[in-house]
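Heads up, the next two complexes both have chain A, just with different partners, chain B and then chain C.
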Partner chain A sequence: MSASVFRSYVQKDLFLATPIMIGAVVCGIISIGLVHLGSVGVYAALIVMICAGASPAVFICMYSILGERKERSNLFAMSLPISTYQYVFGKLTAACIGFLVPWAVLALGAFLIFYKLPVPGGVLPAGLLFWGFTFLQFAGMLAVTMLSESEALVVAAVVVFNVSISFYIFLIMHIPAVGSHVNGRVAVWSPVVFEVFAGELLLAMLIIALLLVRLARKRDFI
Partner chain B sequence: MNDPKHFEERGRVLAELNGVRKRYGNVTALDALDLEVRSGELLALLGPNGAGKSTAIALLLGLAQPDAGRATLLGRPPLEVASRREIGVMMQEVTLAPELRVCELVELAASYYPNPLSVHEALAVSGTTPLGARPYGKLSGGQKRQAQFAIAICGRPKLLFLDEPTVGLDVQARETMWSTIRALIGQGCSIVLTTHYLEEAEALADRVCVLAGGRLIASGSVDEIRSTVSRKQIRCATSVSTESARQWPEVLKATRDARHLHLTAVDAETTVRHLLAADPALRDLEVRQAGLAEAFAELTKEAA
Partner chain C sequence: MNQPVFEMRDVEKTYPYFHLERLHLRLAPGQIMGFIGPNGAGKSTTIRILMGLVSQDRGEVQLLGHAMPREQAQAKRDVAFVSADMRLYARIPLAWHMKFVASVVPTWDAKYAAMLLERFDLHPEQSIRSLSFGQHMKALLLLALARRPRLLILDEPMTGLDPVARHEIVSELMEIVTDEGRSVLFSSHHTQDVEQISDQITFIDRGRVIESSDKEVFLERWRRVHAELPADRQLPKLPGIVDVSGAGRVAVITTKAFTPELPAYFEQSGARVREVQHMTLEEIFVAEVMSSRKGSAA
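Showing the complex of A and B:
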């Protein structure tokens, strides 16, 4: 019973998130096409890829979580035979799948392209760190959206998290093991890159785990 | 209704608020409220806007926790899944996924219950079969309420919470919903109904609780609530003018339409004597007790 309730809930949220997941992957495919247009194409591809990577996070937070709360759909879900833990776990699982599936597909696609096509690969370590940051960014947005009761605060947080992409790129370019090889033809995989990437993933997972613990104790939904 | 077990169980407390208090900031939503929902009854929860009805329902469903006092649902804390498996809920102002068809929404909700009605049965019982294939987002307001009713009953609830169920329904749809509600009561389901339509409560309720300012100000059967108001309604075809009638001390209100004089009086017998003395030829005399609407108006006015 518990498993089927959990599955139903996750399936429902994923069904609603499917268009944005597909949209993100389609944008990723378009960005691959842009790579063939020379150096301008590569930059355009990067921008499309950044948008494609960030859009599921924004959609999930604004539509699936904030929208559900605004329309009181969460109260309907909580009136069904589902425990607070099942509801929160289902919500977080669906959100993570909705974000991570296009995230992983896009990352895999991008890395394959860089290895298969004759384009400079020096940017790959920075790209990996940036991609890890988008997961961290998603975890942060998810936490603010699920914990805050204020719509204005959520919107502000989404804007701040998206603006922080520029600062993050600036920051990683100042890490010598990353920044000094960006314009190289071959990727240089320093241990620092893997340490920072692992740190990003661990921090994102910690935020989501703490969020689950905090929200599973929630008792007031109005 | 003929099931002996059903009669044995009738009157058992299914849901209860015991001395609950709930505040939202500086606003006291509920103040020392005691409320019981008994097996086999339809309890109508009435009150003006802001009386605390929705908060009381939220506490019974575990969607909010009382600041003081205790809420129980089927003998357990309301948040326990075991309690939720035996209830159905139709909430007000809830938006469901507009992309999903009504039958998909019913199927999804039914998947949470151990022994649900089939989608076909839930749609048939609620009179929503024609809506089954339509996306929820394309339905009118009244049709959305009907779809929500189908969802609320799909788990074969022992206790059903209906919050303003007939808002936006046309006359025929309302009649269908009323008859389904009566049939559910007949099968042993208990219902908590909150409504602003007093004729709905009058037509369906076994027991009425009137809330105002977060407190219970009256509780009893419809007749008992009506009898708390001593005033009577008198109607007759007479030559007596409204001005003359207003001179009689027991008359509270006097109006006239094309054919009849309408009086509201605290003492019907004295008023009728006055009328007959003033116009021995009066016709079509009708005296009736105040309705639930008048009782509600008087009770909530006193509480304000």
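Showing the complex of A and C:
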């Protein structure tokens, strides 16, 4: 595999995803500003933060992968000296970087803010789990978008994605080690929180690895 | 003999409603092949197999000496492909695309690209979204030509273009093909454009190559003979006659095996040959497809 060609393809996709990545970080910064506006502000900040964490997954999959396929720019990209496998591997790599960079920046920023500012931190473990869940959602969206030829299926995946957010929040609030401390002033880090978080990360990585294996066996790309 | 630019042997591909049947195709260096077929004939499928974008179910494909689709990254270094279906990234300027192609193709010729920008009246800072369809096609062609490829593959590049844009593109192609080392595979159903620039013609219909030959051979072999036939006489059954039509006693005989002796042969059979017409490539194409379909149905 020509490393420079592969790098150029990853850079191309990251360049195209830059507005999405910047948008997510800007949303995160806005949510920090909202925290200072009392209890309504904290609630609004949470909503904006959830959007900032979850939306890059949808935008990257819809624009960078589905959009390229739908607009037939993939035919242009694949006409250049790259193999079909390198092309999809490049897309996967760029999508992961495009999602994970704002994801990590926002997570780190949120934790620093909660520890530095006089705001209640009881919500942090739930926030961490939710963050892990957005990575899992991203992996699922990535798999559906890269494997499916059907736009309807991708739209259905987006619907499931949206619905699953409320359902997931409902679920984690029913984990005693998480739900009972959400309104507390201090974060309570139970081992359950780390186990669930690790499970989410592992499952997301497993989905991406299986996706890679499946794509390696794909024969037709157009 | 020179190694072919590409060779497809016994290539088959099956989709639910389409079957590419034991395809054989070969192009020698410096040659321009016009690949003609009706919509849905299998032109794009053939080209996508050749480019490694779709894998054949059976058969072998060699592109510039590389086995496809396995060695496509190496093969595509010297192959540029433009298709009517292909689109550039809409919200990004042409200059970015030029920089991107230059970063992955070592043979990129920046001087030639600048010359083509001028010739095609394109502005590098213009976003792709603001280009007309014809300008978009010219931009794609610029990105392909400036790579200085050994093989240029064009899949229906004239579709949807106005006559002026078509003329500009054909002129540019005529110029690049004067470079003896460069080969072109040009798929289209605009036979006029193909006729202008091709050395070789291949007809494909319903997933099957029905004829492949030098253009001059095609144009020489195909004729339309107008003959008057007395009521009590019948035309002799000759090989190569693909159609006999006409009104009254005047028969219009379409043949794919014309020889200078043929009119005399008809005269000997009692017919009076009124006219022998050359056929355009379009007429040959239609006659060949219809004859092939009749043959398959029989």
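Simple rule for what comes next: the second predicted complex is superposed on the first by the 221 of 222 C-alpha atoms of A that agree within 3 Å, B and C clash if a C-alpha of one lies under 4 Å from a C-alpha of the other, contacts with A are read in each partner's own complex, and residues count from 1 in each chain.
Keep this in mind: contacts are C-beta pairs under 8 Å (C-beta built on N, C-alpha and C of every residue); 3 or more make two chains touch, one makes a residue touch a chain.
In this text the structure is predicted, and so the values were computed from the model without any measurement.
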item: Fit-or-clash call for chain B and chain C when the two complexes are aligned on chain A; value: clash
item: Contacts of A:84 with chain B and chain C, given as first, second, both or neither; value: both
item: Which superposed partner A:16 touches (first chain B, second chain C, both, neither); value: both
item: Which of chain B and chain C A:40 touches, first, second, both or neither; value: neither
item: First (chain B), second (chain C), both or neither touched by A:152; value: neither
item: Chain B and chain C footprints on chain A, overlapping residues; value: 1, 4-5, 8, 12, 16, 71-73, 75-76, 78-84, 86, 219-222
item: Residues on chain A engaged by chain B in the complex (per definition of touch); value: 1, 4-5, 8, 12, 15-16, 71-73, 75-76, 78-84, 86, 219-222
item: Chain B residues touching chain A - in the complex, by the definition given at the top; value: 55, 58, 61-65, 79-81, 84-85, 87, 89, 91, 93-97, 99-100, 108-109, 111-114, 155, 161
item: Sites on chain C touched by chain A in the complex; value: 48, 51-55, 69, 72-74, 76-77, 80-83, 85-90, 92, 100-101, 103-105, 140, 143
item: In the complex, chain A residues that touch chain C; value: 1-2, 4-5, 8-9, 12, 16, 68, 71-73, 75-76, 78-84, 86, 219-222
